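Structures incoming, each one as structure tokens.
Each of the two complexes below includes chain A, the first together with chain B, the second together with chain C.
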Partner chain A sequence: MSGLLQIRDPQKPLPPAPAIGVDLGTTHSLVAVVTQGKPSCLVVDEDNSQVLPSVVHYSANGSVVVGKYAKQLAFQFPEDTLASVKRFMGKSRSEFEAKRLASYRLAPGEGPLAFQVSGGPAVTPLEVSAEILRALKQRAHAALSSKITQAVISVPAYFDNAQRQATQDAGRLAGLEVLRLINEPTAAALAYGLQSKKQGCFAVFDLGGGTFDISILKLTEGIFEVKATAGDSALGGDDFDLSIACALLEKWNIENPTPLQRQALLSAARQLKEQLSQETSVDICFEEHSATVVRDDLKQWIEPFFKRINFACKRALKDAGLAEGEIQEVVLVGGSTRMPEVQHWVEKIFGKPGLWEVDPEKVVALGAAIQAHLLCGTHDAEVLLLDVIPLSLGLETMGGMTEKLLPRNSTIPARATQTFTTFKDGQSGMEIHVVQGERESAKDCRSLAKFHLKGIPPMAAGLARVEVRFAVDANGLLSVEAQELGTGIQQEVAIQPSHGLSEETIERMIKASIVHAQEDIFSRLLIEQQIEARRVLAELHKQMKAHADLLSAEEATSLWEASKQLEALLETTQEAAKLRQAVLALDNQAKGFVERIMNHSIQSVLQGHSMTEF
Partner chain B sequence: MAEMATEKTVHITDSAFGRLQKLLAERQTPSAGLKISVRGGGCSGLSYGMEWADAPEGDDLVFERSGVRIFVDPKSYLYLAGSELVYVETLTAAGFRLNNPNAKANCGCGKSFSC
Partner chain C sequence: MDAVKASAASTSFFELFHIEPSVDPELPLLEATYYELSLKLHPDCNTGADLKTRLHALEQTTQLNEAYATLLSPERRAFYLLKICGVDLDDKHSALPFTAQPPPAFLSYVLELREELHKAFSQRQADTLQNLERLAKEALQKELEEACRHLRSCLLHRAELSRLQPQGGEAKASPSPATGAKELQQAAAHLLCVRYWQRFLKDAELFQEELFS
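What follows is the complex of A and B.
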């Protein structure tokens, strides 16, 4: 039996605060920590669950609910309950796909992508993620009884710069120092690399709720390197649910489903999918409709996804320069790999069944915890972790073409330098447009930042030399510098992350959250005292009326005056302490009166009875 | 009107009183007290913390039973008023529990609740 509180002794030193590993998933999130050399997941939700649904509910009174309770509220408040928000991390408005079954209200106007919810202003995906991280942090705190400040957070290998930046900012907003962002497959590899100590080439097949990643890894002498990554940041169990729900809508001829119907149907689809992993045939009922679904139906509905998965796997193998046969094992990650059909796909692609020695749902969090543990310093075994950038990074050149400075799958940290020159005589400025992607035309790539290098001295075209330096740090985050070599003029480069929140905004949001925490406490204290004062006043007035005979005229006047004073104070004061004192004073003044009422009541009860009856 | 006169407190039950007295004696700090606080955190939103303190701090409220003292800061008191502290010993575990009338939901880990 846990459930009991222990007394902490401040004279004894605290155990060092552990750094947590967080799997911030599309459908659910986990937190793990290494204790006594072994990683384990922590209880973070009701029913001793180690899995926290990545669902955030914003209620009308301004409070925020995260996890299983929030998920339950999704039925009742589909528009105020945000799920799978990871899909929108670091995305701009134009990239928002108006999915047929997404029931969220997009906040109107310009600015970053945000959702309208009740109980407050619109929230960005970053802020929603921060709520999930905050919940994980607080619950890890409670589970470990030690303060949590540092974390390693996993991201899909395919996350671009803006998405990584948004994830890191969400961590900061939640009050976490993000030690490192780790690619999800890399985390899984770390969990396997340390625990099974295998050598050779491996594939990590990660099919979660919202993302698919395939990574090719090479393990040698305890050092492992991610050779290639590929995938699809919009493919996962959610899409299977959507496909199933759409197929059912079609089957039953339901047109224009309400938000409530959509949520209920999506949930039914998920349940159906999970049941079909255990059974071969499942009966489903929805409103007045019903159907019997067999595994072959499911296979048919999700078949279109196989092509995309197969394509990504083939591309990763090609990038790594390997054939299917050279992959020794395939590590399965993500809840969707529990589906028999998906396991069948893996066998079809790689010619061998996948492994799940470590729970596929926990392996990423466990790996992130190991990474966090290693970064904290107190470790014995040195593990060198090499990671790669998922997409090429480059610049737009004249004519809108892309010049790649860092090709896809370069190992990070990485640096690259290239010299550019002016195009026109006397040109004094140069626009530097940083893009990410594989396309040749810059407009087809993702725009990361644009800035202007000014103050180039006038000279003939082609003489100025502008050096552009790209640096990708260990988190996969990019910084860019440009310098005119003749004069040494250097441009301070402020890369505006595309999710639309500047550093200052984030600082402001962090500060605001602290300021409001205090305000909230004060307003709560005051409101509670006001309620108490009103209750006391109402009770006093009632009793004064009911028991006027027990009061002398003098007493009645002074009590009346005192209560008038309290009423006046109630209207004017903002100080809970003052109000409390006034209530206590009135209470004290009324003591004699109260005692007489008590005696009177007892006497009236006793009247007409003899003592022996009691 | 009787209700008005009763000041809510944090009550130290017999079991907790005995245990606290013993622990204080073992720690050779009979004058110290037990600081109980409520913080954000835990799976139900709020969680309890307990630690030894040499003296009350700031506006701490003090609840005493025959020399054994409990300190509660005013913010935490909002959530703790009317609670009773009990000490529980079972075959597998021993520790304290707060029976808190303010708590609407308690969680499995026992360290956390919501109001």
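What follows is the complex of A and C.
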């Protein structure tokens, strides 16, 4: 957070507020900005990390914690700590699928999909995402010393209209003007293409924590044309963890795990997955159970996902009108592409190994920052993104069938018009149902809006002409208009966001959040330090109990007193800096003790083994 | 609800790309023009402009995108050319100047393959599905090539007519309108068959998708 310490010459005008690029990921999020022509990710955590875990904790006293500290609290409060909410963006209550091991508590009753947390009313995925965006915005503000108002936010290319709408509204709720929703693979291609200066046809294979996208792009002198995209907005590293965890549960015959067990097992599964990217065999212990897992086990557990990924890749190639051999390079994006098995899949599908030339975890944020910079308008670089809609848009016709108005992979902005007529004499209204998806039957597609056009003058069947116009903007968001051509009666259709929050609710939330914005940043710092203090205290007490023999009576008393003081301060102070200092002081005081513990553990490990083993 | 497509766009898509209507436009040229126009018209390249200019940019880019998609795809291009020549197969309301029905032999063949498709799906035979898909693709290609052959004659005929017409109202020794109409009818007949195969392929794809998900 060096930015806070920078001293600015008061004579100099403030630098223009940069627009940020945000990678709002399932498991973690990043924020980047272009400065002096180069994009870079910003530090978002006290430990100098550029990665913010997409985890939000709601504590009993009503405060909200985002990021690393929230993740730490997940073990203690699995039900009040929400992770991977991106999976539920734009989903309705009926679409909520509780994964076997997840510990979300669905709020009771009707209304939008929301989670019950202690210390306040239920929160919707949109609000949780807004907390993450707000945290990124505040931390970017701190890092850049300039107020942030505009952002480009990334979304999976395969997100449907409702998921996009929810993301855009989350941005607004966080007090950001969303300049653009950029598709993640397109953002990656932008960062990669501008850096490598390569031209031709590329595939971007983006496997993140919760979503999979494959995009085929053609790069020609500054033009990034998306030829086709396909994917699965519910397939990612999270699912691998879940498969691993389920396999272990089965192996160990654990039935009905508690929320705490689930959390611990998922975390162990993730660790196992990551370790198997480095090593060929890993030992895992969980409570009284243990097992040795080799890469072949992992391969078998995640094999079912290969079929879905392979199919999506083949379809994207087909839609782009290209064969595998015509793809010059496959660019890998997303943390899950670090897995050797996933790299093996890529090679199997495309006949060539995938590449990372830009950090696969940062490339999306970097691309979003570049697009933000381009859209700010003060440049004359000839760079242009031509993106597509991932799913077909259409209307329900007689018999529950769908009529596609805009096929998938249409370049945006796009529009389409269709004229309908009445089928009964004197029919005065018409039901219009807007759907998105590829399926033949309307009920198998995602329903985006249903509306009733009224006031058609009485005519014989087939004479009235109702024109329905679809327009998709550069964010991939749809708007619909209908007009009876004879009378000119027109109706604009609000695509009712299926996240279930009305426009008024969102407006109210935005107003409330502006009032609280100032307090927010201070309360965040305080809450984070409180968590850190509690963690240090708990650890110290645990170690003092376990290694009492390594402490002199004098030391024990002074450490005990110091920890009492910190506990008292924790209850009384509202100043984060004071608390921070006290934590550091206690940490310093315990240094000698901690060193002895370390030496002691090394020795006790060595005692049971011969030296040659090391 | 009965669906009826709206009628023709105001400016010809070919005009937008500064080329004559053609069955075989030069694709690299089409792409180059598309990129050039996009860089000029796209709202993202006009972010500094006033609202009116940006709205106009949006409108023009939308039309450009529609035009490019239509001209780039051989199938969509053929249907569009047929429409330019006066037969809009998408307009279910306007009567066609001939009986629009593929020959019975064709229909029974498609029906037969459809049965096989459904059978392969219900028995989850991915290989058979893929084979049927390939067969349909080849059949579609053949029909499309035939349609294009007739469309080329139609366009030639039209060009002749418009070359002769401005000189003196009624064309005297002009190519017979009957020949033109016949070519047009032939093209439409083959494109109707293309429609059948397109639907077949869409179903084949959906089935495969369901097998894999």
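Everything below uses one rule, namely that the second predicted complex is superposed on the first by the 501 of 614 C-alpha atoms of A that agree within 3 Å, B and C clash if a C-alpha of one lies under 4 Å from a C-alpha of the other, contacts with A are read in each partner's own complex, and residues count from 1 in each chain.
FYI, a residue touches a chain if its C-beta (ideal position, glycine included) is under 8 Å from a C-beta of that chain, and two chains touch if they have at least 3 such contacts.
All values reported here derive from a predicted model rather than from experimental measurement.
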| Thinking of the overlay built on chain A, is A:410 touched by chain B (first), by chain C (second), by both, or by neither? | second
| query | Does chain B (first) or chain C (second) touch A:424, or do both, or does neither? | reply | neither
| task | Pick one for A:545: touches chain B only (first), chain C only (second), both, or neither. | result | neither
| query | Which parts of chain A are in contact with chain B and also with chain C? | reply | none
| Where on chain B does chain A make contact in their complex? | 1-5, 23, 27, 34, 40-43, 47-53, 74-75, 78, 88, 90, 92-98, 107-112
| query | Hey, which residues of chain A end up touching chain B in the complex? | reply | 1-11, 43-48, 67, 138-139, 141-143, 145, 521, 524-525, 528, 536, 539-540, 543, 587, 590-591, 593-594, 597-598
| task | Within their complex, state which residues of chain A touch chain C. | result | 220-223, 225, 307-308, 310-311, 315, 374-378, 382, 384-386, 395-398, 403, 410-415, 417-421, 423, 430-431, 438-440, 462, 465, 467, 471, 473-474
| field | Residues of chain C that touch chain A when the two form their complex | value | 1-6, 31, 35, 38-39, 42-45, 47-48, 58, 61-62, 65-66, 68-69, 93, 202-203, 205-206, 208-209, 212-213
